[in-house]
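Quick heads-up: structures coming right below.
Heads up, the next two complexes both have subunit A, just with different partners, subunit B and then subunit C.
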Partner chain A sequence: MATNVRLPRTVSPAPRTIGRSLLLTSPIIVWSILMFANPNTQGDRRSQIAGAITAVFMIALFFMMMRTGTTYRCRRLFFVSLGILFPVGFIHNVIAARGTMGIPIEEMIAGRTPFCFMPIPLLILPAAFTRTLVFPGSILPNGGMSGGGMAAMVGIWLAITLVIGKGWCSYACFFGGIEEGIAALPKRAKIRKIDVRWRYGPWAVLLAMVLLSLALFEPAYCMWLCPFKAVSEYVAARNTVGLVQNGIFVTLFAGLVIVLPLLTKKRTQCSIFCPFGAFQSIFNKTSIFEVKIDQTRCQPCVLCQNACPNMSLSRESIARGETLMSCMKCGACVDVCPRQAVVWHIKGTEVAVKPERARLMFLYAAWAMAVMFGGSIIAQGLTTILHFLA
Partner chain B sequence: MAASVQFGEALVLGLASGPACIAACGPVIVPSLLTERAGLQANAQFLLVFLGARLVGYLLFAIGAWELGALASMLPGSRMLMSGVIYVMLACSLIWYAYSARRMCSPSCSGSRLVNIGETKSRGAGGASVLGLLTGFSLCPPFVVAGIRAAQLSSVAQAVLFFSIFFVGTSVWFVPLAGLSCVTRNEAVVTVARIAMVLIAIYYGSMGIVMMLGGKGNGH
Partner chain C sequence: MRLRAKLAYTAAGLTLLAALLVPFLLMGLFTRTFAAMDLHVDEMYSGGPTVRTVQSGAYSIAIHRPVYPHMLQNERPFVQLDWKPVSALPGRVSDVVDIDGDGRPDVRVSFEAPKDPKTPLRVNVEPLSLRYEAMRNVGKEQYSRLIVRVDDAILIRVPLANQ
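Coming up: the complex of A and B.
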């Protein structure tokens, strides 16, 4: 997969007027104000300032998306901010609550392990076989560090997923932003050819982890393979096994989230490893939004394939006029196409007929959820920073 | 009368333990099946060989359990060492199996078109029997329960019969796995299964080494 071909000049869509862009942004302005004018934070000045900054940030990015007609760069700015500020707020909270990033076994037994979305696919089979959730957290928000609890996290995930499918990985995942930011740093990729079979990696990790979770009756991915334990929390290492676990977390984080994105300019953790991403790909079938390739306009220059950060386009899929099911709907391929042949599409409608309308509908859904979910995480991270600056 | 009650107990114990057995064997059998040829006949053949070898493992363990007397509960150090050795052997077998799938796949899998893996020849019963035997030896919780119960019986023949009936009870739960024959065997499915086998092998291998060195492994 070549990544450094000479690119024809990208023809950007004509910019909208400021007034029209503002008009299109107005629903997001109202939504952001509703989200961040929280009466619960009235006594906390730092939270209010963080909320205001976040609201302005999210509104400004959406306005720029409306004005320029492009998606990827503004979304990336939000996503990288989310990836950087999530650990800031989370680690601060964890350390404030228990003094360390390590989860002692007592906390796990007490069901006070914070729950993220990653273990969701691992819980399904054990729950089906035994009606037991193999995660040491609480279902309801009464488990101290579990925050909103499993039910709230699963509810948020389900709501977002049913609407935008694997768009979750570009608009809601609070881990992917770190590697997307790192992948954006180098000008050119050092590794230009990646064997397409690496695309099967996430499915293999998913299969292995689902089976091991059922066999061991524990969320095997969280216990052994999650690279993001390195920047969130980890098993408190009290013996050799604990040390090995933490060594694996740090090694995977360094390799998949830092080194490989720098070398390939791809989101390598997402595209070759993340089992949740594979699971999430299934839900691209339930979402009405997708990216299509207008065969009448496409001259297969493979610019879109090279631009895709998730290796979700192949020559075969381009020839079929579609992305692979792992498409994260980040918009990179749409923005880079010089002939505007790669378009946003709503299932059941004709391809390339009013694609901007499909883009707007997708972005309203995705950005509303980004403001609600990612925005609150960004605001929390900013609050933490303001706390330290004060 | 007492004998029939014992064997009824073995059957019920097997049926009740089936989900735990399939959970314990799942990491080995599911990816292995996915690297086999598609079709009900090929998958049923694999399952029969696997289950037959698992029965042999059970019976050998039954004899050991009866001869040594509650092997599982009375000798924790030896049990740990035995489990560690079995896990390492299982890991080696899985890696060999994943490797042999590559040999079968080549060169037809080099393209991205859909192909039927193993169209021309089968890998035979060797792999299924080794994996079945090793999973038969693995000390999963229901197996330990059955082992302790078998050790309380009055003769080795009764222990063997108890284990055989227990095996029949657990095997019922493996029948739905034949449904994996419906999954198309293309490059994607075989590659996913092979990588998964290697990951599972790494897990079993590391746990086995930790157990042999005297550690407790993870949750074992």
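Coming up: the complex of A and C.
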């Protein structure tokens, strides 16, 4: 029905002048200088160069977002860079520290397993019942690959989540960029119809993993299902069980992060599998920023639904004038709408009244977090590349 | 502008302010709060707290509190013993250890202590008390029965026998 509707000509937002775009970018310029003028890297020339390149890159992307009035493409460029450069820097550090991507049992016992954000929801129930963290890391920095320890990762995650909620999945997650980049490669999706029930996948995986982690007292997702172990680190295979675990990691990575995004042009791992994404969706309820659909302008052409990389729009939700709880605030639907009916929105205000103000407020918050967290990871990856080039 | 909208913009402004404070205040605050929550890493990984240290010549043996698995954890109860420093250990170690401190020996532990930290370790444990299980030529198969080198210590986990 909706696909037969004649679409109005796409109306792109009028570009801003260069001067005005620069003026709007100036807070991000100051922020980037603050973030990358790190006195700790004064002696390290490669880190300084990588920091400078990253700062210019982030500022240029924000400038383009201001100039064009669109969000998705520039954000995607940042996000894909993050997804590519995270494994570059991380794998280099892991191999430099221990000579392999496999985590030996000695490192786990010593509490030096690097802690990413993925196991956070799995830790909650065991910690609540027994005050025990079921992860072979350390709470505070402990040398080796322990980084800042679990406390630092939880602190960063909580602070960023407080600011942008589920926006984490579009502006901070250092895994999602890989599949977003792969999903951008084909011109058209080979699989266009995806059963809506797959949207419940992340919730099912989250529930199963939380309960399993409580029962087995181990980070079950990290031990058995995380596709990104294939590009970060994995439990060193000491026996058949270890080999099976590593086989699962590689298979899931190939299926969910490479093959399905190529076929569907969606972030399939995020949309149908990622338990952390489901957990993070809860924080969409606490975030002040959201995406809404102005029903007075909407002619339900479902272009937004097709463009959404996370299956966060349905005909029913469009009819209600809102996105689903899993919306990552990537901006794809806003940019694609030919009638500018899909808008950024601040909860409590009227829909489509000054949507650009809502967009700017969200983007300043989100980009500040992207520069601070993602930017530092991009800079680390670039430092590694410069190290190899030198 | 309606009051509701004013409140909404105020909240959005506060969110922006929070964003500015993240690297300078909030991140550190949340990190310190989490670290101060009296949580601890599962003893199956950490080996539990040290309860006693026995001096044996130039090196010492730290005896940890026994660790028991939770719920469906696929491990045996065990006790961890740490020999350190590695530099003070003889080429072949064979010690009788009184684990529970009752004055009677509980296990005889024997292992080679090579200087090269990359050399794989194997351990034999002969139980002298019914409370502990024997280990023959064990490497690092499970958390509850292993020998590994961590920094300047050799850690051995002896499984407790079913009673």
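The rule is short, and it goes like this: the second predicted complex is superposed on the first by the 380 of 390 C-alpha atoms of A that agree within 3 Å, B and C clash if a C-alpha of one lies under 4 Å from a C-alpha of the other, contacts with A are read in each partner's own complex, and residues count from 1 in each chain.
Criterion: contacts are C-beta pairs under 8 Å (C-beta built on N, C-alpha and C of every residue); 3 or more make two chains touch, one makes a residue touch a chain.
In this text, all values refer to a predicted model and were calculated from it rather than measured experimentally.
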Practice task
Identify the partner contact of A:208: answer first if only subunit B is touched, second if only subunit C is, both if each is, neither if none is.
Solution key: first
Practice task
Identify the partner contact of A:127: answer first if only subunit B is touched, second if only subunit C is, both if each is, neither if none is.
Solution key: second
Exercise for the section: Check whether A:349 is in contact with subunit B, with subunit C, with both or with neither, and answer first, second, both or neither. Expected result: second
Practice task
Name the contact category of A:316: first (subunit B only), second (subunit C only), both, or neither.
Solution key: first
Handout entry: Comparison of subunit B and subunit C by subunit A residues contacted
Key = C
Exercise for the section: Would you sort A:289 into first (subunit B), second (subunit C), both or neither based on which partner it touches? Expected result: second
Exercise for the section: State whether A:368 touches subunit B only (first), subunit C only (second), both chains, or neither. Expected result: second
Problem - Which of subunit B and subunit C A:96 touches, first, second, both or neither - result: neither
Exercise for the section: Would you check which partner chain A:23 touches, where first means subunit B only, second means subunit C only, and both and neither mean what they say? Expected result: neither
Practice task
Examine A:137 and indicate which partner it touches, taking first as subunit B and second as subunit C; both and neither are also allowed.
Solution key: second
Practice task
Indicate the residue numbers of subunit A shared between its subunit B interface and its subunit C interface, in ascending order.
Solution key: 126, 130, 214-218, 239
Completion exercise
subunit C contacts subunit A in the complex at 4-5, 7-9, 11-13, 15-16, 18-20, 22-23, 26-35, 38-47, 69-74, 140-141, 143, 146, 148-151, 155
Problem - Interfacial residue positions of subunit B with respect to subunit A in the complex - result: 19, 23-24, 26-27, 30-31, 112, 187-188, 191-197, 199-200, 203, 206, 210, 215-219
Fill in the blank from the handout: Seen from subunit A, its contact residues with subunit C in the complex are 35, 105-106, 108-111, 126-127, 130-140, 148-152, 154-156, 158-160, 162-164, 214-218, 238-239, 288-289, 346-350, 358, 361, 364-365, 368-369, 372
Handout entry: Of subunit A, residues touching subunit B in the complex
Key = 125-126, 129-130, 196-197, 200-201, 203-205, 207-208, 211-212, 214-218, 220, 223-224, 239-241, 244, 314, 316
